[in-house]
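Two complexes, one shared chain (chain A), two partners (chain B, chain C).
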Partner chain A sequence: MRSIRMSSEAPLLAIEALAIEFAGAAAPLRAVDGVSLALWPGRSLGLVGESGAGKSQLALAVPGLTPRQARLTGSIRLAGEELVGAAPARLRRLRGARIGTVFQDPSTALAPHLTIGTQLTEVLAAHAQAHGAAARRAALAMLERVRLPDAVTRLGQYPHELSGGLRQRVMLAIALIARPALVIADEPTTALDVTVEAGILELLAELVRGEGTALLLVSHDLAVVAGLCDEIAVMYAGRIVESGPARAVLTAPAHPYTAGLLAARLTLDSPLDVPVAAIPGNPPGAGPRPAGCGFAPRCARALERCRQEVPLLLARDHGQVACYAPLAPAERP
Partner chain B sequence: MSASPLLDSPQPIARFQTRLQARRAFAAALRPLFATPGNLTGRAPRLLRYALGRLLGTVPTLFAVITLAFLLVRLAPGGPFDQEQTLAPEVKANLDRAYGLDRPLPEQYLRYLRGLAHGDLGPSMRLRDFTVNELIAVGLPVSLTLGGLALLLAVGAGIPLGVLAALRRHRAADHLLMGLAVAGIAIPAYVTAPLFALWFGIHLRWLPVAGWEPGRPSDLVLPVVALALPTLAYLVRLVRASVLEVLSQPHVRTAEAKGLSPAVILLRHVLPPALSPVLGYLGPAAAAILTGSLVVETVFGLPGMGRFLVQGALNRDYTLVMGKVIVYAVLVIGLNLVVDLLQGLVDPRLRYPRRA
Partner chain C sequence: MRLAWPARAALVVLGVVLALALLGPLASPWHAEQLDWQRMAVAPGLDGAHWLGTDRLGRDLFVRSLEGVRVSLAIAGLATLVSLVLGVGYGAIAGYAGGRVDALMMRAVDVFYSLPYVFFVILLTVVLERRPATVFLAIGAVGWLTMARVVRGETRRLREREFIEAAVAAGVPAPTILWRHVVPNLAGPVLVYATLTVPGLILLESFLSFLGLGVQEPAASLGNLLAQGAQEMEAAPWMLLVPCSFLIATVLALGFLGEGLRDALDPHEL
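Up next, the complex of A and B:
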């Protein structure tokens, strides 16, 4: 991605050759397998892929929230500072202050026994940004920014007194109250009603754009990413298979997997009598991965070479693609 | 407070703050552990009303316990005056008349209730110079002292050790603590109490073997430890499991993502929800410890009320058994009520029953 964005500015987030491994019974399990990506200040990047593609592990590795038993190799740099192997105390100072995180399910991600006010102000107190009355004023202002109705009352309420959509607004407020440079959003609307989803996404877009915050959005939903992100990276079996400007990837996919995902989408005017164009097969499980391209076993275009060598992520048209048999522009849906 | 440019009106914040401060003071007095203010003062009348309602709700429970206990002790064959040597029929008839045992059962029951309503538990039928009130007045302070100290020891050591085991999961400290806890739960007091007396009292001569003299605290050490041990061991396991359960919950990861210090995460985010099931266990456990243990009191020669139930039941000392049952029931019910209210402090979702 770096090669295609001719930006003179240094990236805010630069991930290089990142691998995340878990100890397995026989061989280590690689959730993330050599991923590189970059994110510039004020830009947004959508990580899409199926469950188990490694996208959440990748995103949560940035604030250092991967499970303790995970082994990280490679490099994650935030504004030039290396985070892989950084001291826990150093990571703690970045979390919440420089990196805000929005989790998937606000009904479990908020502490049930603490008031909304406490859950907001403690972020400011932890990073010595504000205490006491000043922190509560900031919390109130933040709740108003996420357009929580009746914000003053909400400060003294508990999460169970709020609806799911309002809870996710609180989660956004927690992630953004310390004005971080980077927000990681891990499936921020997956646990919400469809009717609530649009409002949350709109709010998220507004908040990051207004503050010039960079956004790393993880989602399995192409539509969510399409509406919110400047760039898209498609993950499959722990690797990025295609990336580039959102519009280019969504309208002219080069990787057969991306094309398959797009073909499997349903819209309101999809004909009811035509079966959905599903990608045959299942993504590889947590065990050892196939030798070559992870997608080769499910790929109609796979060549002999695809099963032996891992294709590199190389520049092509407007983005990058890791495929020996990419779709030519004319073949694209 | 000056108006913030961020806000339209500072008025609601001022109100919020006064309320918050008041709550903070109240909650701080109740639970110094929790860094968060409870939502109490603002709703104190509701809490009071709730507590009173629950208190009234205990009356039928207590009544049922008394009635059942009364019937059960009378169902057992024999009576207080049936002993190895048979009494002359005239003597027994006189005794029965003196204690009202010649009356029909419903009348005896009503008489007992009438006495109870005046706080009179009746005369002991075997310890004939004493009323049950007198016996309890002597025994209960001993048991409460012993049990209270044992409870303090069990909670004071059990909770920190359980937290330690959870934080050091699968490490040496955890394995050691869990091994000791299993031993503590499995070995009953009738094994540990005599062993303690033997080792620390007779072999090492560190502490008195037995006895009870007011103003001699060394008398208390061994019985308190023996009494506390099973509860302490169980608490270590319970706290460990509960803390691990909370640590695995997503909201703890949110706390980490906020960049909070490990101490704040533990004290504010993990312990309050983890202690909720522990409180549920402690209510009945405290009642059992506070009313004394037959084994511990017998081994260490303490004049508590632990032996009342067993001795009373064996001797068919109806009134003594009833006395202990009532004290025990009042403690169980009362402590469960306290636990319920405390759980409301820990988990706001349990605070008040929602109106439909």
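Up next, the complex of A and C:
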């Protein structure tokens, strides 16, 4: 990431050596294991990986939404302010106002018993940004920005009166109404129909670019990240295995896991008689993880060293890779 | 919301009892504490001056029973209201706070639960005057405990819901989340539980008054009417049967209504 942005400007979000542990029966479970990343204002970073890779835990740790039994170590800094171990009251003030969060499923993340208008103005009231009629006007303007048709009527409607796509637009409006500097979107289109997915992604891109907002997008869908993000970080078993400019990583992956993810994609012109190039084996479950690289047991290129030492994330042409046997440029698909 | 027929029938019975309790005494020339020296211990009869008879002192049983219904319902209703406010507030805070606060608050409830109740009431009536207010205080002190447990459990379940997490993620302060997001979603189970609490508290009030610990003569409550009726049960069974019928009708109707509400609002457990 530093490779692409050679600026002296400080990052908006700087995560360093972050680990998230849960107490396990025998040994603690490490959902996130020593992750470092940085995100600059106005840029977007896509976190990709399989379920259980720790990407959602990592993203939700930023606004302090990890379950209370989790133990965080390392550092998360937002505009220089340390968030790990920050006072709950301080985190409460940052949530919504400085960090907006878009949840996966708007049908469960919107309060069923409150009108759209109430849920929007509530955020402004929580941060003392606007009350009463002023808040209502701001809510209306926000609904128009997310291009919700018939915005005036929608203010008085309940979530169940809206379709899934419109609900996700409301979710975006709630996340953005207090003008946060950072938006975290956890699988924002996974619960939606494919037909409305593109519209939501386009809108999200437009909203964050227009305001100079930084975006941290969590997704298992490479196509979503490719279309929306400047940079990408691929996670596996709680660690980042490869990161860099999205286009470069996705066209010329260096880590065998990234290459495997790309090869397993189906496109319209995939031949029907050739089986999908699935990565053999399963991602490691919750539990003590083997020594060395988390991906080694499933990796065709694994060396003896891969099973003993954890490879460090090191700079390598376009980005950073954590691998002892990365793909050479010529081998890349 | 659609209620099953027993619940709708119960609603009608309850309406009739309530209307009688509030308006019935106006239709009768007698009032609850008035003695009729000419007609003591008269059996019920539509042709006489007292439709449902009189007690040993010549007081009209129709008017007295309705007075009893009113007093018993008022005490149980008020106590339920208090248990609603206290129980919902206490339970929602404990359930939402979780962790050590929750453990501490619920252990306090356990301690209250384990106090010997009748002993506690006797103590109260000794310390305070034997008035309806004392009975109300005694019942209220206990009524909210179960409500707090029900609400705390529901709140813990609600806290796992994503829209609560979304409100947290938007920076909404905890008191607002409790008041605006948690409490309205408790309405179903709380309403059902409150409806089922009222008959329980009516019976409790009757039990206390029957033992002489509750509402005192000459004031009437269903409990002390039953106590007097029980003394004359062999010679004048109507003195027991009349207030008893009112008690059974009210308690059964409330029970059926609660069951119906539970099925209509919230089919699971409680």
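Note that the second predicted complex is superposed on the first by the 328 of 333 C-alpha atoms of A that agree within 3 Å, B and C clash if a C-alpha of one lies under 4 Å from a C-alpha of the other, contacts with A are read in each partner's own complex, and residues count from 1 in each chain.
Heads up, the rule we're going with is that contacts are C-beta pairs under 8 Å (C-beta built on N, C-alpha and C of every residue); 3 or more make two chains touch, one makes a residue touch a chain.
Remember, it's a predicted structure, so these values are computed and weren't measured experimentally.
Chemist: Following the overlay on chain A, give me a clash-or-fit verdict for chain B and chain C.
Modeler: Here chain B and chain C cannot both sit on chain A without a clash.
Chemist: A:P28 in the overlay: touching chain B, chain C, both, or neither? Say first, second, both or neither.
Modeler: neither
Chemist: Scan A:A111 for contacts with chain B and chain C and give back first, second, both or neither.
Modeler: Both: A:A111 reaches chain B and chain C.
Chemist: Once chain A of both complexes is superposed, is A:G96 in touch with chain B (first), chain C (second), both, or neither?
Modeler: The answer is both, since A:G96 touches chain B and chain C.
Chemist: Regarding the shared-chain residue A:V152, is it in contact with chain B (first), chain C (second), both, or neither?
Modeler: first
Chemist: Of the partners chain B and chain C, which touch A:R137 in the superposed model: first, second, both, neither?
Modeler: first
Chemist: A:R68 in the overlay: touching chain B, chain C, both, or neither? Say first, second, both or neither.
Modeler: second
Chemist: For the superposed three-chain model, which listed region of chain B (7-15, 43-51, 97-105 or 223-231) is the one that clashes with chain C?
Modeler: 223-231
Chemist: Same chain A residues contacting chain B and chain C, which ones?
Modeler: The answer is residues 63, 65, 92-97, 100-101, 103, 105, 108-114, 118, 122-123, 126-127, 171, 174-175 of chain A.
Chemist: Per the contact definition, I'd like the list of chain B residues that touch chain A in the complex.
Modeler: 1, 4, 6-7, 12-13, 15-17, 19-20, 36-37, 39, 42, 249-251, 253-261, 264, 268-269, 272-273, 346-349
Chemist: Quick check: in the complex, which residue numbers of chain C touch chain A?
Modeler: Interface residues on the chain C side: 98-99, 161-163, 165-174, 176, 180-181, 184-185.
Chemist: Spell out the residues on chain A that touch chain C in their complex, using ranges where they run on.
Modeler: For chain A paired with chain C, touching residues are 63, 65, 68, 92-97, 100-101, 103, 105, 108-114, 118, 122-123, 125-127, 171, 174-175, 178.
Chemist: For a test of understanding, state which residues of chain A touch chain B in their complex under the given definition.
Modeler: Contact set of chain A toward chain B: 63, 65, 92-97, 100-101, 103, 105, 108-115, 117-118, 122-123, 126-127, 133, 136-138, 140-141, 144, 152, 155-156, 158, 160, 171, 174-175.
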